Amino acid sequence: MTAPAALAYLLMLLLPTLASLLLAFTDYELGAAEIAWVGLGNFEAMAADRGFRNSAGNTLLYVGVVAPLSVLGGLGLALLVGAGARGRAFFRAVFFLPVVSLTVAMAAAWQYLLHPTIGPVNSALRALGSGAPFWLSSSDTVLLSLAAIGVWESVGFNMVLFMAGLASIPRELYAAAAVDGARGPFDRFRLVTWPLLGPTTLFVVVLSMVRSLRVFDTVAVLTQGGPNKASEVLLYTMYTEGFTFLRLGYSAAITLVFLAAVLLLMWVQTRVLDRRVHYG
Amino acid sequence: MTETTQDRAGIGRRGALSLATLAAPLAAPRLSRAQAPVAITVHYAQPFIFKESYDAIAAEFAKREPDIRIEWVTTPNYEEGMQLVLRQAATNQLPDLSYQGFNRLRLFAERGIAQDLTPFLRREGDPAALGYTPTLLALAHFGGFQSGLAYAASNPICYSNADLVRRAGGNPDAMPTDWAGHIDLSRRIKALGDGVEGMHFRWAGDDWMFSALLFGHGGRMLTEDERDVGFAGREGLESLRLIDRMVREGGMPNLSIQAAQQAFAAGKLGLLYWTTAVVRGTVGQVGRNFDLRTGPMPVIDAANGRLPTGGAAGMLTTRDPARREAAWKFLRFSTSAEGTSLMAKNTGYVPMNQIAIDDSRHLAEFYRENPLFTAATKQVPLMIPWYAFPGANSVRVTQAMVDNIARVVESRATPEQVLPEMAAEVRRLLPRRAT
Amino acid sequence: MGDAGRPLARDLARLLVLGLLGLLVLAPYIWMVAASLKPLDEIFRASLSLLPERFAASENYGKVLARVPVGQYLWNGLVVCGGILFFQLLFAVPAGYALAKLRFPGRGWAFGAVVLGLLVPPYVPALPLYVAFSQVGLLNTYAALIAPFTISVFAVFLFRQFFKALPDELLHAARLDGMGEWSIVWRVVLPNALPAATAFGIFSVVAHWNDLFWPLIVVQGHARATPALGVLFFRSEEAGDDFGAMMAAAVLMTLPLVLAFLLAQRRFVEGIATTGLKG
């Protein structure tokens, strides 16, 4: 029953991953003639590398901004769009569109929209009298700009998931809540919607965190980790160490640490949240 | 057709005679064909710039060598091209000929993938007489041997918006020749207001433009023996100070190069210092928005100053004799006066054969009609190789330099603070022993 | 929530907010399409003008159609995404069913392996897979593009959630009728799983249509190139991108996906709703 999947898993995922991770203990470089075992050498280098700590910090900051905002944004949009039948299909399509886009193409569009001198965002800001930051080229604002783009890319995805979750809440519960004295939309939300949305919320939160942890495309196309590593994130470091600097051994070491950290995070989170989720 | 064959086939005499007449013209050309048809794989990067040039060269080449069939492989940029060749070296599927960015050639020379082209060149005569001057050969000479032949080169030039220059009180036909003059002009352009910026010097991405300043001061990246950093001295400090002045006096904004190019095309940036490789794209983006001019880089040290060279060189990788011979023929043709002229006309890069540059038959008319393309050609005597750092960390080194320069551009540190730290980081990344 | 028939006046505020947000969200797309219609010298202007002064659509789209065999790329996209989806369903449906309904030793471990698989970034198995494909001579083929993605741990996860909600009586009845486990999967379980399968199908197609990383390393030339590579053709770091053509390429390569989504949206949301997100 599980044999075909297990075989594919083994061949296409597990074995190659293990092979890659084994490289973490070597000094292998792409195209090099020899390969030597260095044990924990790569991990020592990582601990001492200011760049790696910076990368980890930036990733956490990014996740800390994008995950909550895209979850809340998705929920908000789902509530707004689902509140009436008018325009539901239309708005659902509109907000889901960013999910379908190709980052390489969108990058040029974002780069223009956020252009410090000729872009519309800053023109509008200047018209309103406020300052016009150098969004993608200043180390102060670059991570925030990327996070905004990250939210744009994922809020539609979460919205659709929440809409489905909302649609599966039985109507009778709202009537029952009204009978019990629930007045107004806030009460309805607090008493019925939120608790029953539990499993969906858990699913969306986990998914959002995993997706934002794996941020790569926007960094690779828009900022290349710059300026001066202000937007360097873990996956981008992994990629550049392996494929640009050709230090595949070191890159694999970073991957190993990344996977271990994320695993820990997921385990903690599922234990904590799972207990509070109400399964209907 | 022997008599016995004819008899066995049962063809009568008349039949045999007519067959023989038909066969005769078939036999004749075969005698002059000394070789069997060969198929080679040629790789190059950045197809959207170079495709027309390679197609034009291939068409001409096919007329001279009809037996050589070419299969093309392209990669979007030089980095992908480098990775492609390295991956395929590991799996034994190298393209026979690969055009790589200059500063990547060193890696291939060190890894034994590139081959020495001197014997091939000498076979044809004196290289200089064929148009391969020592300066041009030096551009692709790495690892102690001639690891490639330069195909297309670019050097840094100054793009200016003549309308903004005039409004700021300058004369676009007589631009200042030193940095003090340019920075002052930039300041005046910025003072025009209305969101207009003065200048942008592309310092991000890699160390190429920084080396333009460093070499302009007569400095070098590493010492002769490549054991230590060569930019930690006066030339490096002056280069960083110059960038600092661009920011503080010239008002250089902290833009990415794409943003700067876009602002320039929109008429909101007065002076842009970047590679001549983008001249075609810039002409397209500017259109009739304003009067576009190109000119040489400001001179820093008239006697010792030099400029780095970007672009690509062809590298022979195959060891199979028949394919190597065929690949060599294509490489030789693409870098000959005729081939490189086709390249220059189709791309705007600087041609890599002295005969093409000097002899007016080839490009004189083209340059007359496209004056914007000539700024780079005037700087050819100043071209030196784009410096490639030795060892495994070569790419990482350029990244370390860019990150440090960013600190100066964002005014988070002074040049005096940044230079020693930059030197220390680069030193850490150099190989323990000189390669 | 979700009752039709609210008066338009009260609904107006909601629609206004949604409209504004929608405009914000669509801004990059609008710019992309506008840029694909403009000549190069009009794309970057200080003033926000959406309509081109000089209509350059034929120029930009013409360039794309001339340099890049768009039909071939789109066809490859179809074949690759279709192939991937087919195998993903083939493997994930039985596996999801087994994890949800069957008891076997190591089931917990298997599920753990699935969750673990969700975390592995695509770059990790990439190089060993590349070397392996190269050794068996399968580079630059449909097989190389499809095979690594045939196992979708997300699909297994999704189907497991869905199948947990399937009533056991249905399966008992089928077993009493003498059906073997495999028959049950394909003749009883799968038909009930169609909504979830459609939902997953959209996720999968979107992800693989736009995938750049893997095709970039295993494909060379036009024969097997995927849509995302078509857009990359017009990027150039050294000489500046050809924005007009690049945006035109992006429009051409994304349009089929957008149209397909618009047509399939309804099914998609229904599918998600029935994947038993209630647990």
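For clarity, chains are labelled A, B and C in written order, and residue numbers in each chain start from 1.
Rule of thumb we're sticking to: contacts are C-beta pairs under 8 Å (C-beta built on N, C-alpha and C of every residue); 3 or more make two chains touch, one makes a residue touch a chain.
None of these values were measured; they are calculated from a predicted model.
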| item | value |
| --- | --- |
| Partner chains shared by chain A and chain B (touch criterion as defined above) | C |
| Chain pair with the greatest number of C-beta contact pairs | A-C |
| Approximate Å spacing (C-alpha centroids) for the pair chain B, chain C | 38 |
| Geometric centre distance via CA averages, chain C-chain A, whole Å | 17 |
| For chain C, residues that touch 2 or more chains besides their own | 43-46, 232, 235, 241, 243 |
| Multi-chain contact residues (two or more partners), chain A | 30, 112, 117-118, 243 |
| Sequence positions of chain B contacting 2 or more other chains | 83, 87, 90, 195, 205, 258, 262-263, 266, 268 |
| Residues of chain B that touch chain C when the two form their complex | 46-49, 51, 72-74, 76-78, 80, 83-84, 87, 90-91, 93, 154, 195, 205, 258, 261-263, 265-268, 275, 277-278, 280-282, 284-289, 310, 347 |
| Partner chain B, residues of chain A touching it in the complex | 29-33, 111-112, 115-118, 134, 136-139, 223-224, 226-229, 240, 243-247 |
| Parts of chain A lying in touch with chain C, wherever the complex brings them together | 1-2, 4-6, 8-9, 12-17, 19-21, 30, 77, 79-87, 89, 91-106, 108-110, 112-113, 117-118, 120, 123, 152, 155-156, 160-161, 163-168, 174, 188, 193, 196, 199-200, 203, 210, 214, 216-217, 235, 238-239, 242-243, 248, 252, 255, 258-259, 262-263, 266, 277, 279-280 |
| Footprint of chain B on chain C - complex, ascending | 39-46, 67, 130-131, 134-135, 139, 216-217, 220-221, 232-243, 245 |
| Complex interface listing, chain C residues touching chain A | 1-6, 8, 11, 14-15, 17-18, 21-22, 25-29, 31-32, 35, 43-46, 48, 87, 90-92, 94-95, 97-99, 102, 110, 113, 115-121, 123-129, 132, 147-151, 153, 156, 181-182, 185, 206, 210, 212, 227-228, 231-232, 235, 241, 243, 246-247, 249-250, 253-254, 257-258, 261-262, 265-266, 268-269, 272-275, 277-279 |
